[in-house]
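One structure is given here, and the rest of the page talks about it.
Each chain carries a letter (A, B, C and D) given by its place in the written order, and its residues are counted from 1.
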Amino acid sequence: MEALFYVFSFIAIFSALMVVTMRNPLTSALYLVLCFFALAGFYVILDMQFLAAMQILVYAGAIMVLVVLVIMLLNISRIKNIKSDLHQKIIGVLISLILFAEIVLYIINGAQKRPSGIFTHALIKRIGNTQVIGEFLFTGYILPFEIASILLFVAIIGAYLFAKKKF
Amino acid sequence: MDLKILITWLIPLFPLAGWFLWGIFGKYFKGLSGYIASGFVAASFILSVILFFIVAYSHGFTDTLYPWVYAGIFKAGVSADIDRLSVIMLVMVTGISTLVHVYSIGYMKGDKGFSRYFSFLNLFVFSMIMLVISNNLLLLYVFWEAVGFCSYILIGFWYERKSASDAGKKAFIVNRIGDFGFAVGIFLLFVTTKTLNYETVFAAIPSVPAYTTTIIALLLFAGAVGKSAQFPLYIWLPDAMEGPTPVSALIHAATMVTAGVYMIARFHVIFSYSPAASEVVLIIGTFTAFFAAFIALTQFDIKRIIAYSTISQLGYMFMAVGIGSYTAGIFHLISHAVFKGLLFLTAGSVMHGLSGELDLRKMGGLYSKMKTTAVTFIVGGLALSGIPPFSGFFSKDAVLADIYNKGFYFAWIIGEITALMTAFYIFRLIFLAFFGEPKPDQNKHAHESPQIMTIPMIILAVFAVIIGFLGIPPFNDSLFYNFLHTDFKNAYNFAPFVNNTPWYILSLISVFAGLLGIYAAYLLYIKKAFDPERIKSIFKPVYVLSYNKVYIDEIYNFLIVKPLLVFFDFLWKVIDVKVIDGAVNGIALAFAGFSAKARRIQNGMLMSYILTLSIGAAALLLYYFIR
Amino acid sequence: MDFFIKYLLSILIFFPVVSIFLLLPVNKKNEGILRNFSTFLSLVEFIFSLYLFIYFKQNTYKFQFVEKFNWIPSFGASYFLGIDGVSLFLILLTTLLTFISLLSSYRYIKEHVKEFVILMLLLETFMIGTFAALDVLLFYLFWEFMLIPMYFIIGMWGTGKRIYSAVKFVLYTLSGSLIMLFGLIYIFIMHYDQTGDFTFNILRLYNTHISNGFQLILFIALFLGFAIKIPLFPFHTWLPDAHTEAPTAGSVILAGVLLKFGVYGFFRFAIPLLPSAAFALSPFVIILGVIGILYGAFVSIVQKDLKRLVAFSSVSHMGFIMLGLFAMSAISVDGSILQLLNHGITTGALFLFVGMLYERMHTRQIKDFGGIAKKAPILTTFFMISVLASVGLPGLNGFIGEFLILIGSFHSYPVLTIIATSGIIFAAVYLLWMFQRVMFQDITNPAAESFEDMNLREIITILPLVALMFLIGFYPMPFLERIDPTVLHFLSMINHHHKAVYNAIKLKAGLSNA
Amino acid sequence: MDNYLIVASMIFCIGALGVIIRKNLIVIFMSLELMFNAANLGFVAASNRLNLISGDIFVIFVIVVAAAEAAIALGIAIAFYREKGTVDIDMANELKN
């Protein structure tokens, strides 16, 4: 398990870096897909197979296809020529490093919290993670769930309106 | 309602009605308005005479028409106080007004403001009547200012002329300066006595501390100085001659300007309980009498000469009331009203004949052209010079004799010198205008005025002769004295008689002074014994000083008006716009500047927003971390 | 009829709103109908308000025409209306001036007539509401609402730098009133803490006991709100701008009614709520007032713009009113309240005349006028009466108010009163000088040759104001006898409160001799 | 568990870096997705550690929001491209007056 974790971390971080640094957005998109797969791997390690499946289906399957489609739709040669400023790069790296350092320091210094829930690995394994999530989703979180559906609906209309030729 | 009360309120009602009628419907009446207005005032005059006899044979009374201002403990009604003093004033005011109204019909004929003129003249008569009969200080103050307003509007009657409207404005503002003192005096009086009613005020005055009384009296006198054109606020009166001449006769000679004297006589209790204030009245009166006569010596504008003469004669009246001889002051007031009104009307007649000419240097030999005018003018001049048996002799000598016998010798000497100068300047005017060679260019079309103007002049001339006999036997035993003296019984006798020089000795001196003045004028201007130009050059500095009216207007202008205007401009352009508004706008600008800076952050570049966002996140985490 | 009288105040407040709904269906282009109909409706409103005068019981200080309904119980706010002798006349003034300003703008307002009349009627609602409200929250609501129509009236129909002026006016007064709101709410909370009575009812708030130190702070908070509205001397700079750029009707309402709210606020709120502070600070307020009197007069003298001159003269007149109010003697407060009306009448009339001159000559510069008297005798006559009323000529309204103020203040503040009295000299200087340059002398501007005299509509506009000038000048008793009981009650109330606080302090310090 | 969080934070910071330094609208969008996913990873790891299930539920909602966001953002990108002819974010300066 440990080894798998490090493998996935390496893939995830590497592909994330590639997403950010590649000039061609299409390449970035493909690395992003790779990154999503790595994350899905993490979820599997963490006993959340359902989430892993969702990750791949929704992200890698739906969203990334959409992105790639859009990139194709646009004129790729002109998009490639968009350059970043040097000072912005320096500031960006600096800020990110500071942010990272802070978060890490925060994580390390943060007090360890005792497990408070009842859903241990064993329990989840026994019931099955899909069922657990499903039960919660359709009982306690029914209202957010419904709202999420409205959100999606709104997003569809919004996307349609934006993509229309004339407002 | 009692008959006498009805009469009392009818007297002011007539002119008030006249004001409304001519003011609103003037254009429907056309020339008729003059006759009806005169009729109204004549009705007032007749009622005044009736009231005079009622009071003379019974006693005075007070009556309240309606409560006017009641607020807290402050109470003032529209109420009248009829006593001998007020009926005498009433008869004088309405009488002269009637004559001036009649005269004006001729004088103002054809003027496009004919009915406007009579409207305001009626308003003036109304205000003056109310001023005379009011029985509290608030009402007095109201009509005190109201007559000032009428004076303002009538001086500026020919408003197209800048000089006329300037003069009107000047009169109003200078009067206001005096009224400022008057108002403060009323405040102080109210605060000390808690009332403004004459009777209660007078009852309270003896128990008021002397210095308070003095302050009150001086403040009230400030009002009189403004209204009665005494030094240093006399400057408006000469300019007021821009108005129509009958207005000068009525307002600026006979009635309004004497309101100050009347006021002091009315408040004799206050003034007599404050010898210091009375002394100030005497000093101002004496100085003004001399000063104005001095200026009058060298002027060439006939109306201005008479105006300065009025100031000078008012000085005499203030001398009289300043030494506590209230009856003498009022007597001189009445006789002066008659002969000075006469002089103005005749001067107006001269102007009328010469189509508005006022300059003495362009006149001469008018006697042959306008005999009535000349004769009546000479009667007025003799009365002014104090030659017996004309009225001025009796009244002025009553004043001067009292001054001498009460021991104010210096004032008496000044008074006699002034009498000499008075005789000189008025006869200089007479000789230059009516005698000597006619000036060819001007006198061609000189003509006598119509009868409607000459008849009032003749009536006034007759009165100028006979009214003096009320002062027989001269001095403190005359008819007039005995009639009026009862009103002043409450006065405190602060200046007792110290001499008992008989009247004829003092009168002889005055008459001599008057004759000397006339003779000097005769020598200079008829006999031409001396060349006036030579005398001019001998006394050059004095002459220049007198000719330029001692530069008082210029001094005021330079010392007060100009600096104040500069200061006000500074106040507006620097203090208001820059400092105060600047502070307000400065605060606003500070906010605007801050938000302009703040807006730089919002430069519309999404990248910088994101950058800021991340910096914020980093900082937030850092904060949690170091906390 | 009973119903009408009982709910008269509400009817007065909401009648203009109803009028707006009556006006809404009228087509925008039918300007004639809009103008006539709105003027007619405001006249009806004025006639309604006369019933207040008729049914007002004059020998009592108690609030009359009281209406009280729950409004927001959770805030302790109620719809609580009522008038006393002071607000009676202010409401009458409001309805009269609204009618007059609608009548006066037939010629001035050429565009957006519908919007204009609607805003004016809306403004009327808010103004009457402010005067009638006896609930602090209701009062504040109306108070702030007033700014909105006024902002648009200045901003839309003004001249020159109208947007600047409108924004300045709104921001200035708004910032003041926010501080004031803070003070009022603080008093409300203190009252709740003390009595447990959760109410915005001003009559009950009067009973709040506030320590002297707090009173000072709260008084300054309220002072800022009201003093800016008046405007008192250093806070006056919005006024000339707003007045100068506003259309005639706006100026009339601004000078005639809006400025009154500051004084009314002091009378109704600041002084009775915080009597000790009012007593302690009255010398300072009076000094500011007296500075305002002279300062306004001085600055008026050198003004070149007619409207600006009248605006600065307002500063001067409002100084008199503050002097009288804070001298706190029965005579002077009577005078102050009367002078409030006088100022509304007189300055309103002056602005109307300036508007008429502007309509004819399209300039407000004094130097462009001259010799108008020859062409327009009627206008000259009425203008002169108004000018003289403003000068304070006896026999007209301004004199009675000023005289009462000065004679009442003299006892407590002799020196300041004397200084204030000298203001009457300068009033004569600036107004008469202006009048001379505008109306008298010879015609210099060729445009004046075709100057038309007042027409019938304008005469009707002016006539009520001139009639009131004479009425108050010659017979002020109908006004004074209604104001007087209210003022006496006001004074006894603040003296009582002041003494109560004072005694409490003495008691604490062990100085009580009882 | 810390390791997961550190990896998550690392991905998050890389995403942030991408958002800051890149000017291509599409890449920025993808970087945002990276940040979303980093957060998801954090949720799942924490939920796993604390024996809770709410974190996992949240991930589902985040995915939903991400999907909605993707639809809108790409719509904006297309509209923007149509307007400006590019997807350079520096061209999006209409907010500047």
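In this text, a contact is a pair of C-beta atoms (placed from the backbone, for glycine too) under 8 Å apart; a residue touches a chain by one contact, two chains touch by 3 or more.
Predicted model only: the values in this text are computed from it and were never measured.
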Chain nearest the overall C-alpha centroid of the shown protein atoms: C
Between chain A and chain D, centroid-to-centroid distance (C-alpha), Å: 7
Centre-of-Cα separation between chain C and chain A, whole angstrom: 66
Gap in Å, rounded to a whole number, between the CA centres of chain D and chain C: 61
Distance between chain centroids, defined by C-alpha means - chain B, chain C (Å): 38
Sites on chain D at which at least two other chains make contact: 16, 20, 23
Set of chain B residues in contact with two or more other chains: 607, 611, 614
All touching chain pairs, where touch follows the definition stated at the start: A-B, A-D, B-C, B-D
Chain B - residues contacting chain A, complex: 607, 611, 614-615, 617-618, 621-622, 624-625
Touch list for chain A against partner chain D, complex: 5, 9, 12-13, 16-17, 19-20, 25, 28-29, 32, 35-36, 39, 42-43, 46-48, 51, 54-55, 58-59, 62-63, 66-67, 70-71, 73-74, 78-79, 82-84, 88-89, 91-93, 95-97, 99-100, 103-104, 107-108, 113, 115-121, 129, 132-133, 136-137, 141, 144, 148, 151-152, 154-156, 158-163, 165
Partner chain A, residues of chain D touching it in the complex: 2-7, 9-18, 20-24, 26-27, 29-31, 33-34, 37, 40-41, 44-45, 48-54, 56-57, 59-61, 63-72, 74-79, 81-82, 85-88
Chain A residues touching chain B - in the complex, by the definition given at the top: 88, 91-92, 95-96, 98-99, 102-103, 105-106, 109
Residue ranges of chain C in contact with chain B within the complex: 168, 171-172, 234, 236-238, 295, 298-299, 301-303, 329-331, 334-335, 371, 373-374, 377, 381, 388, 393-395, 399-400, 403-404, 406-408, 410-411, 414, 417-418, 421-422, 424-425, 428-429, 432-433, 436, 439-442, 474-477, 480-481, 484, 487-488
